[in-house]
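The structure follows.
Lettered A, B, C and D in written order, each chain numbered from 1.
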Amino acid sequence: MEKIIVSRENDIPFNKHWKKCIGTGRLGLALQKEYVDHLERLQQDIAFDYIRGHGLFHEDIGIYKEIDVDGTLTPFYNFTYIDRIFDTFLQNNLRPFVELGFMPKKLASGTQTIFYWEGNVTPPADEKKWEELIYHTVAHFVERYGIEEVLQWPFEVWNEPNLTNFWENADKQAYFQLYKITAKTIKSIHPDLNVGGPAICGGTDEWITDFLHFCHKEQVPVDFISRHAYTSMPPKKKTPDYYYQDLADPNDMLTQLTSVKKLIHDTPYPELPFHITEYNTSYSPTNPIHDTNYNAAYLGKILSHAGDIVSSFSYWTFSDVFEEFDIPRAPFHGGFGLMALHAIRKPTYHLFSFFNKLGDTCLYKDDTMIVTKHRDNTISIVAWNLIHDKGDNHDKTITLSIPFSSDDVFLYREMTNEHHANPWRVWQQMGRPRFPSKDQITLLKSCDAPFIQTDRLRTENKLLTYQLTMAKNEVTLLHFSDIIDETHTYIGLDDSLLTSY
Amino acid sequence: MEKIIVSRENDIPFNKHWKKCIGTGRLGLALQKEYVDHLERLQQDIAFDYIRGHGLFHEDIGIYKEIDVDGTLTPFYNFTYIDRIFDTFLQNNLRPFVELGFMPKKLASGTQTIFYWEGNVTPPADEKKWEELIYHTVAHFVERYGIEEVLQWPFEVWNEPNLTNFWENADKQAYFQLYKITAKTIKSIHPDLNVGGPAICGGTDEWITDFLHFCHKEQVPVDFISRHAYTSMPPKKKTPDYYYQDLADPNDMLTQLTSVKKLIHDTPYPELPFHITEYNTSYSPTNPIHDTNYNAAYLGKILSHAGDIVSSFSYWTFSDVFEEFDIPRAPFHGGFGLMALHAIRKPTYHLFSFFNKLGDTCLYKDDTMIVTKHRDNTISIVAWNLIHDKGDNHDKTITLSIPFSSDDVFLYREMTNEHHANPWRVWQQMGRPRFPSKDQITLLKSCDAPFIQTDRLRTENKLLTYQLTMAKNEVTLLHFSDIIDETHTYIGLDDSLLTSY
Amino acid sequence: MEKIIVSRENDIPFNKHWKKCIGTGRLGLALQKEYVDHLERLQQDIAFDYIRGHGLFHEDIGIYKEIDVDGTLTPFYNFTYIDRIFDTFLQNNLRPFVELGFMPKKLASGTQTIFYWEGNVTPPADEKKWEELIYHTVAHFVERYGIEEVLQWPFEVWNEPNLTNFWENADKQAYFQLYKITAKTIKSIHPDLNVGGPAICGGTDEWITDFLHFCHKEQVPVDFISRHAYTSMPPKKKTPDYYYQDLADPNDMLTQLTSVKKLIHDTPYPELPFHITEYNTSYSPTNPIHDTNYNAAYLGKILSHAGDIVSSFSYWTFSDVFEEFDIPRAPFHGGFGLMALHAIRKPTYHLFSFFNKLGDTCLYKDDTMIVTKHRDNTISIVAWNLIHDKGDNHDKTITLSIPFSSDDVFLYREMTNEHHANPWRVWQQMGRPRFPSKDQITLLKSCDAPFIQTDRLRTENKLLTYQLTMAKNEVTLLHFSDIIDETHTYIGLDDSLLTSY
Amino acid sequence: MEKIIVSRENDIPFNKHWKKCIGTGRLGLALQKEYVDHLERLQQDIAFDYIRGHGLFHEDIGIYKEIDVDGTLTPFYNFTYIDRIFDTFLQNNLRPFVELGFMPKKLASGTQTIFYWEGNVTPPADEKKWEELIYHTVAHFVERYGIEEVLQWPFEVWNEPNLTNFWENADKQAYFQLYKITAKTIKSIHPDLNVGGPAICGGTDEWITDFLHFCHKEQVPVDFISRHAYTSMPPKKKTPDYYYQDLADPNDMLTQLTSVKKLIHDTPYPELPFHITEYNTSYSPTNPIHDTNYNAAYLGKILSHAGDIVSSFSYWTFSDVFEEFDIPRAPFHGGFGLMALHAIRKPTYHLFSFFNKLGDTCLYKDDTMIVTKHRDNTISIVAWNLIHDKGDNHDKTITLSIPFSSDDVFLYREMTNEHHANPWRVWQQMGRPRFPSKDQITLLKSCDAPFIQTDRLRTENKLLTYQLTMAKNEVTLLHFSDIIDETHTYIGLDDSLLTSY
């Protein structure tokens, strides 16, 4: 049996980069009440710093319009909806990580679109008009929110231009040109505004090197590098409703990040901030893996280690209020969200909220847990038991040895595993109702809370020995704290006089 | 092993008398924010019909006052606070079950008081002024709330006059006289207003016979009989903080009620409604039994059966916002409440909320469970495993056999037992903090939710066989419902393609 | 000066048909948070019974889909969003008045669309598939909400098929055919479900006669007639942002309704319920008239009288969360809404909320006011001073004479006119900010409350004489109530001892 | 006519001492829901920093208790309620300004009490037990809230010991002794905790000199001086319900403060912070003046000027949830509160909320107004028209001349005067209902909002000339801001095409 001896003196690097940013379905969805309800819950429990999503220039927000004025088509910029959306983000203590794209239909040079919601992925028909769109949009943000605020918003140019379905022909030079005019326009508003790219997905990381050399050669401003990271393999099966894939090992993601980090280091911008503006296990919004405890346990290693490599990494996405594939066809459908429809928290939600309850100092971390200390000396641990195999008998036990100053220690534990806090499984037991009734929704919501255990433990020679047993794909949070016992202040207390006790 | 075969054809009597009324600490406490917070939660979850408490005429509400007007003391009736209190009740869908008492200091003939809050328990110094107080008070209720509303409020004269600490000398004739003038005054406002008594505790039930004969002989109006019922024995030990008692068998309470019911039947008012305006296990507000799972399991038989005998029975009380003994000295202190301070739900709270989720038709009930059916054919059961003995090994297993129309049945189960939904135990593990910090309160609150299990069960020949195992002092709620399986509508679904599943 | 003598004995017909139904922007907008915020406010203040809007089958709700299953396109019905929308309505005590349309793109026989949001207005390419769509949709409603609920929902087939922009070629026979198959499909689910049409706008009222004769001849079920009514003239000027029209006299609308009522009467269905499923002054969503006090004053006569003719009349619409012309380009833009963006109440909102405070018995009504009595004898009046002319000097004074039983009467008055509760005017004074800052929004919201006046009036011989003066385009609410004076109960009260008073 | 020329270059001293602290009824009332509702509203609108009230050691909070343990009376400290109260304050962003008193009954040397709620005003029977009480109480605060927090709480010893009704015999030496042992005990917990006195009312200001010399001589720690200030004359008439007094000139208060400031200056502690821990017009909680506009207008000079003299001045009190004289006998009863019962805002509430909307820079102040500038160059003014005479014709007009950079200026004005935002007057018109019905309460609440006016004003040569006319006892808030006119961006806009406009 594994044994871990925790020293209170260690101080292992651990930062909060895991909560710097969170992904969202296209921005237009932020007008929805259900979206806002999910977001409020998320921010109460986890409190991310930034939010990033597609669709800033999409027709459902409608920023760009051309109006016929006496026979001349005149650009008109409508900020009614984007103001409402950004107000919502800021009210929830989230700053926008602004992705500039896709192409407004009226500005597009072609008709290629992506997603159910048909984002146009072609270059601008008129670069001047694109520049004006960027200028008016960013200038409006500055006017409405103040320059001090907007200086804290990163502006990322486009999304995954190295894929043909996100950028016509995945034309690298066309992207660099778009980046150049966009970055220069933004800097013309204020030289300290942050702009970056190339927002690629993995696979053709030479784009990053080329991009930075392009910037260097052409003296194009660049404040950060962004890239995406998924660990899913090619699909085993695609069906009208589902997309099945296996995953690489969690360490594969860390390897990806390290390798890109190294690429950056070998350019003229060796210290440039590096943001993973999207990551997840599978890149498919219909892979049921996202709804599982396996997904939560899988990400434990990544949440605890990726921040050592990158400046931020943004889980794609916080909610299944999302429409890339289609309007959701069932409450559970393999969506990216930390929350399913009706704000039902999935196991991965708990992974994040457990991490949010860790202490400020890290004492230990490995492939299966992270151990931290709070200022009041409470020890807080998140541990996970990732099991790739099918079947049930996969409990794992680890012995923890932790020094304490008191004789007795109070244990508070929360957990999600295949049998607890697993609403996806409950929904299956119910017969997978597509459009559940209100009672069914209430029932599912009641099944999404972590299972709680408490105990009073005895130390020996000021050392606590605790056998931590985790069920299959469990993610568990443990708080061990010193007990200040006041029992003696209850005069005449005698529990033995109580019937049954 | 016990085996219960449930027939869907049975129709055993079961009514909602258990939720007709709930007890409260003295009415003046209803001004408190904490009180109102508890009340709102209670009514959301359980929704009682009436609420009854002491202290209508106490100084903290201050209805009765005498003002010096040019040298003459003139009665002044101040309804500022009682209006606020009754508004609060009605907003929460509770009607007052009005207890008329105790004696305003200015009207009292003596100085004897009861409780930490010093309710005066002596007869009026001036019967005329008492009549005027009753008249003005009830007339004000009618004016403010409308006669149609107030016709639904029972008016109960005094509280436990058969005890010397509640009524000077427990003077029966003095009580009958008080009752007579009070009842006549109320009826002078409207003949259909409801008035009753004698609100005695057990022990001297001949009061009831005498009272009804008195009313008959003197032609005094009487619309209901009220009495209290507790099942605790004489104290084993009293300490400054606690009061320890054993309890009689739960059936003892049913025996008490039946015997009084028979007494009433043998009077000139054989069919008079009979209300238990207070009941609980122990009558002491510092008996830790109230905080336990034992208390919850103990009351299962009573909640399921007492309504067969009486018109209502009112658990004493809904909340530990209560001050008869003292201001609460710790979050758990043996108070009567269904909720501890900070709105922490005790196990008995769950017993009530579980009962509230039963179906309309009762199919079966015995000493350990009640089985009901909903209109949609869901079977809902509340079961309990009352264990008087100390120690841990007291699981109980019962085999249930229930007919279903579908092959698969969905089970949803909630439970509270010594290890789950038992915040009193968590508080002990923490070292019984008297004035817990905000974090400790949050933690305790997080431990008060029922433990939830779900399952998908298979019937055999349309008969479900379920082994119900309950831990010590467990109270459990079970819903068994037919499954409408939609799994086949997910095109291409193949769970086996999912890693780990 | 006009003088009105109110008798308390009169009983003029007045019903609540004015609040039976309210119009809304396309149903998909009901997913928006801003929409729901407006709706909640509306229902708190006015409490309509039904809500009707376009777009049930539009792509943003996505009910109809065809999925490729092994090479075959198979219909799939997605109720995820419509369930959320109808849940929202019902939670706000609104039932859907279901408009069946427009045509899902996948089912359409042509490509003609209407509105910024591109509703397809062509007949079904396949009648069988339309029938199945209707069947599955209505059957789903019955399953989810229960037949007792859905029996109260009217189903209206299509919208304004007599206009070429709403129904390809305004083809009457094609509409009758659509109606026939739709009505029969609905009745196949339950014969008591309500179905009707033809939902025409004015102009070609012979459709109604033809429609009913068609139903009669072909034995097609029909439960109600629906039609729309606007009083605006042809446009004087259309600009990219605005649409200017004059209005006919308010009585023109009553004339329209009476004439259609007569048409119905002369068919085989003389007593068929007749619903005005849309009405307003102008039919343009960019006519600034909708933002004005003139609009409110104009509608006073209609709200007070139209219910004498029709079963319901539904103001088009409750909110400027609306996109027929475009995404709103400024907080005030001439939209139909009772509320502008940011839930700013327009003057017409107050007209409706004032009507909602009238008593149950109508004592008097004319072109300029309606006088009602509450059960407690309070007299409540809504009056309006509609002025077509420009300029400021248009006060109107009317003398009211009302009998009271007390000597003193308390007057409470709320009003909106050009100078009070007129946020449109404040917005103009501010320089018409398109995308107002949060402070500007707060300021505008603070200016939307009715101006309140109170007074204590003296009757003479139990007759109150009150000079009611209204400013230009004022709408005013007056409550006159008897005073129960308690001043004498304050012992020693002497206001003259108070400095300054 | 008065003319005021505002220069944008001036910078007159103006600080926020007026909102440093607010008074409250005894702390035990903070358990009430109505109290908390008022407090939340107050803090949303005005946001005071500290709150001060009597009754920390009163029996309704019950901190001090003596328990019989095996025959020995043992002190027990119960912090259940005070924790709840201070949690409430801190949640509402208020820190306690802790007044240490009065004497717990069990500790008292005598039986003299003050107020309806009977605060004991005698010295401790046992100084040691008082010290222990102080020690345990303050140490508990430190433990629960942290030393960093509690270091910001001033501790003030007792209340108005120079009055015989607040301190037995107004015994100065006894007070000094109490102060000494209290201050030393507090400093023993942490030397930086703040302690002060003597909390006297006016009349015998030599106490302050004597107190400081005593501290100096005996080396008793003292961190601040506190005193109270009222401007009312001896009563003209006292009745069972009311107390009538005239007031001195508002400048009288400033004179009082200056004179005490000078006294302090002439002691060994010349720079000691000086807090007015209570002030108001009348010191009687039944003087109707508190409900009037006169009271609001009277305090304008004091709010704008007293902060130049003292470190804080604390209006006595924020709410009529208050019981010194009695339980409130009517919604308006002359209570100190900024808010009447039911959270009805009185005119003085608006004075404070208007002050809260002033800019950071003061440009001008005099007897009748204060003129400030915001960072965005908006000019904000609070002005008042205090009229001592009876009768109605007391309008006052002042001409303001203010430079602006734009041609057009937007004016937003809020006001309260005898005819607007005067719920006391409405209540009189209604016949002074003592226990108003819910409808009457709703009506009164609807009458407590400031009356709003807006306008668009034209400058001449960049100078705005504005005639400010105020009605009797009006308090008015004015914001003048530059207009950024976007009217020209509405293409084709032509208001003249709109009927009626």
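One rule holds for everything that comes next: a residue touches a chain if its C-beta (ideal position, glycine included) is under 8 Å from a C-beta of that chain, and two chains touch if they have at least 3 such contacts.
Just so we're on the same page, UniProt names per chain: A, B, C, D = Xylan 1,4-beta-xylosidase.
Just so it is clear, the structure is predicted and the values come from calculations on it, not from any experiment.
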| item | value |
| --- | --- |
| Co-neighbours of chain B (Xylan 1,4-beta-xylosidase) and chain A (Xylan 1,4-beta-xylosidase) - touch as defined | C, D |
| Chain labels contacting chain B (Xylan 1,4-beta-xylosidase) and also chain D (Xylan 1,4-beta-xylosidase) | A, C |
| Of A-C and B-C, pair with higher C-beta contact tally | A-C |
| Where chain C (Xylan 1,4-beta-xylosidase) and chain D (Xylan 1,4-beta-xylosidase) are represented by their mean Cα positions, the distance between them in whole Å | 47 |
| Euclidean distance of C-alpha centroids - chain A (Xylan 1,4-beta-xylosidase) vs chain C (Xylan 1,4-beta-xylosidase), Å | 44 |
| Junction residues of chain D (Xylan 1,4-beta-xylosidase) - those touching two or more other chains | 67, 69, 240, 330, 434, 491 |
| Residues of chain A (Xylan 1,4-beta-xylosidase) that touch chain C (Xylan 1,4-beta-xylosidase) when the two form their complex | 31-36, 61-62, 65, 67-69, 76, 78-81, 83-84, 87-88, 140, 144, 240, 326-330, 341, 434-435, 437-438 |
| Of chain B (Xylan 1,4-beta-xylosidase), residues touching chain C (Xylan 1,4-beta-xylosidase) in the complex | 67, 69, 491 |
| Complex interface listing, chain C (Xylan 1,4-beta-xylosidase) residues touching chain D (Xylan 1,4-beta-xylosidase) | 236-242, 244, 246-247, 288-289, 292, 294, 330, 387-390, 408, 410, 412, 425-426, 428-434, 443, 446-447, 449, 451-452, 454-456, 472-473, 483-487, 489-495, 497-501 |
